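For reference, the structures are reproduced in the following blocks.
Across the two complexes that follow, chain A remains constant while its partner is chain B and subsequently chain C.
Right after this comes the complex of A and B.
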């Protein structure tokens, strides 16, 4: 924290029930080394107690405080004010796209959680299966006993930024496809029918917005491309390892 | 809950073209769609122009006289530039979709767009000085 104060105008999206949405303006004198979420909390604490927003951990673990800041999806608890505006500047705060608005900045992310369940996305993975920097070539067998939280914090930023998710209500979306990739088709072959479908891995149009906004280094776009490779590989495997027709199998057994 | 707002819907197709808050790759996504629409429009115009052949040689020749106008040449330059941008960006999408050079896709975008820009300038110079 510093002693510097910036005058920042927060322009906040408001929507209650079926009322028409609008923006409210709040002028704050704020430390630029505070986070955007701190500013939103100050508005709630000192300006308008009816402002609804989600937050919990304040250290990018829960994924609750995803919002759009000046049009870009951000995890507001780790977005410094000085990184997104300037002294005398404006911060436009809006809810995530592609999820129904519950109230003000709160959206219903149920569809994301249900789809994550559908692909059996793993909230924790054995340490050797996590993609970590400078991982050893061979892991000691004991390390498989230790679990690590998955990188994806299910914040929904990628689902909000994806242009395809905006127009295709049934598209699984980047976080879900990344979850399926991490699970792996070889480990869970039943996923093939889910991801190799109209609303699965082929619907991605390579805009790479998901990777650009991901605050947790999941890199969903890379995972989607890898999942495509897995799909093609699995389809080829099934093509060449088809179960033999019954008659041929009986003849072979009788030999 | 206000379910009518913010829901994904095919009617939000114009959002694809909204550059607000988009990353560099997002801009490439928008550019690819704009160039694709432009090239499709050109294809139809091209077929209509070819249709003048059916009205005889003189009708076609008089149309060709008309397109020597600098405005038409600029239009043709836009078609060439759109083709180059769409084609080179398409190469990036093609390779990354096969899982090739995905971590290098941003660098690939810079290089391929630079090639498209230089090639467009060369074509432009030749078109306007010919």
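Right after this comes the complex of A and C.
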């Protein structure tokens, strides 16, 4: 902790049980080189023990501490106070959108995890070489050298920022479609029915909000565009490799 | 006959693993946690799946626990682990001299090691300090702290355990003789108080174990000892890197996703609920970390955080053992119905749970053996989809 202190007003969303939601204001004298999550944790430690928020790793590997900071989705453990406000400034802290609020800044992200399971998004991924590609398009072949935790930390920021998710709760959403893209339709042809559907890949309007807020180099928007390409190519493949009509197959078998 | 009810305070590594073990042995388990899963020390670990090499010279009991449990976790929860190994590297004569004791220690603790020349080492990890003199390959690994804990919690839930997060222990309920009979809790999400009756209350609050034990008039010799960790925005190495020497500050580098995390330090603290990160310590991680991997000096810092270890027994900081201990407060202070587990490492979480469940089961007259060594854990995602 350095000697510098900024006066920052935290305006924090509050909701408990059936009570109406409101905002509480906390004035902190805080080191601008601490993170937004540190400020929220300080409010809990020293100002208001009833504040509920999620956090675990404090270094962007777990994805628990996603919140909206001045209206923008942030992984608060790696968001420096210095980068989002100024001395004398305000930080409005709200829960992620498009998920039900459990209490205060805590949302229930159960729907995201169910969908990630539905597309078989893997938590630990193989990498083929020490040099890490910035944006692997497909799963590497099986002669990988290392296993690595996947880039997507399932933090839900993209799901909160997506304008389509806001109006269509059943839309699979950026993280899920990115998970399907990484899995690859050629590897998992059964995913075609899930992503080439009403709530799938064609629903995206290319707003790129997901990519803008992703803290973990996943680039969901680019992956959704690539998944569309995969869908078209898988459809064409099916068109030209259609199984023979039943009667022909029977005739052939009797030949 | 209804199942005995065990309330576990704390959903860090020890709490979730104990819930998993006790649910399998036929207990009705409720875990209460004042935040969400892993919001204390457990979440903030650097994520090093220890092979035991770090403790093989001075703390062999911990080293053996680590290697045994490392191999078990790789088997039962591969979905949370990067199993890529680790390297202990020597950069000077002092490190080389330590190498002799290291070889003997690892042999005594059955930790498999392989000695590598500098050329072999740099071929594996080109970003290491090219001045390195010697290295040992060792079965370290990296884990995702939250997903490791959630895998245990998901499995416990599927076997009937309940997880009540954002529920804080306010007071321990006692009978007239001071024995613990339950917990008065506050549901922080709803704002409502409640009394939970229990046949046994397990205090699995790690660094906070002393504070909870005090609620029962008990005492636990736990020394909360924070250390800093700094994450950098580039994955310089594929394996966990250790300095080949007596454990000290800033001598571990753990790769994770596209980052590396450099740790750590060791000091005393009063308020456990908020431990600020000190600039000097960040600077020290940069200096010491770049001795092992020079590229760190030019890397962008991604995050810095403090985690408070629950060390047990006498002494302080580095010299204290990393082993764990389960206290039956009936034996230590004559308080029945109350058991504390603390100390240990993330790597030994399953063993800590086994020891605790053994104590709890013997108090409850349950004879079923521990089966967690072989049992494959569910995906962390199932924690969210399994009903409570």
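As a convention for this text, the second predicted complex is superposed on the first by the 231 of 255 C-alpha atoms of A that agree within 3 Å, B and C clash if a C-alpha of one lies under 4 Å from a C-alpha of the other, contacts with A are read in each partner's own complex, and residues count from 1 in each chain.
Keep in mind that, in the parts below, a residue touches a chain if its C-beta (ideal position, glycine included) is under 8 Å from a C-beta of that chain, and two chains touch if they have at least 3 such contacts.
All figures in this text were calculated on a predicted structure; none of them were measured in a lab.
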- Contacts of A:17 with chain B and chain C, given as first, second, both or neither: both
- Message: Contact-wise, after the overlay, does A:174 reach chain B, chain C, both or neither (first, second, both, neither)?
- Response: neither
- Message: I'd like to know which partner A:107 touches here: chain B for first, chain C for second, both or neither.
- Response: first
- Message: Just checking: does A:46 make contact with chain B only, chain C only, both, or neither of them? Give me first, second, both or neither.
- Response: second
- Message: If we overlay the two complexes on their shared chain A, which of chain B and chain C does A:212 touch? Say first, second, both or neither.
- Response: first
- Item | More chain A residues in contact [chain B versus chain C] | C
- Message: Quick one: is A:222 in contact with chain B, with chain C, with both, or with neither? Answer first, second, both or neither.
- Response: first
- Message: Just checking: does A:68 make contact with chain B only, chain C only, both, or neither of them? Give me first, second, both or neither.
- Response: first
- Task: Mind sorting out which residues of chain A both chain B and chain C touch, each in its own complex?
- Result: 17, 102-103, 108
- Query: Once bound in the complex, which stretches of chain C touch chain A?
  - Reply: 35-39, 42-44, 47, 78-84, 125-126, 142, 144-147, 166, 188-192, 229, 231, 235, 238, 256-259, 261, 271, 273-274, 276-279, 302-303, 305, 379-382, 384-385
- Task: Would you tell me which residues of chain A are touching chain C in their complex?
- Result: 1-2, 16-17, 19, 31, 33-35, 38, 41-42, 44-46, 49-50, 52-64, 77-78, 102-104, 106, 108-110, 113-114, 116-117, 123-124, 130, 132, 145-151, 153, 216-217
- Message: Under the stated contact criterion, what part of chain A meets chain B in this complex?
- Response: 15, 17-18, 21, 68, 70-73, 95-103, 107-108, 161, 163, 165-169, 171, 205-209, 211-213, 221-222, 225-226, 228-229
- Which residues of chain B touch chain A in their complex? 1-10, 12-13, 15-16, 20-23, 25-26, 28-29, 93, 96-99, 102-103, 105-106
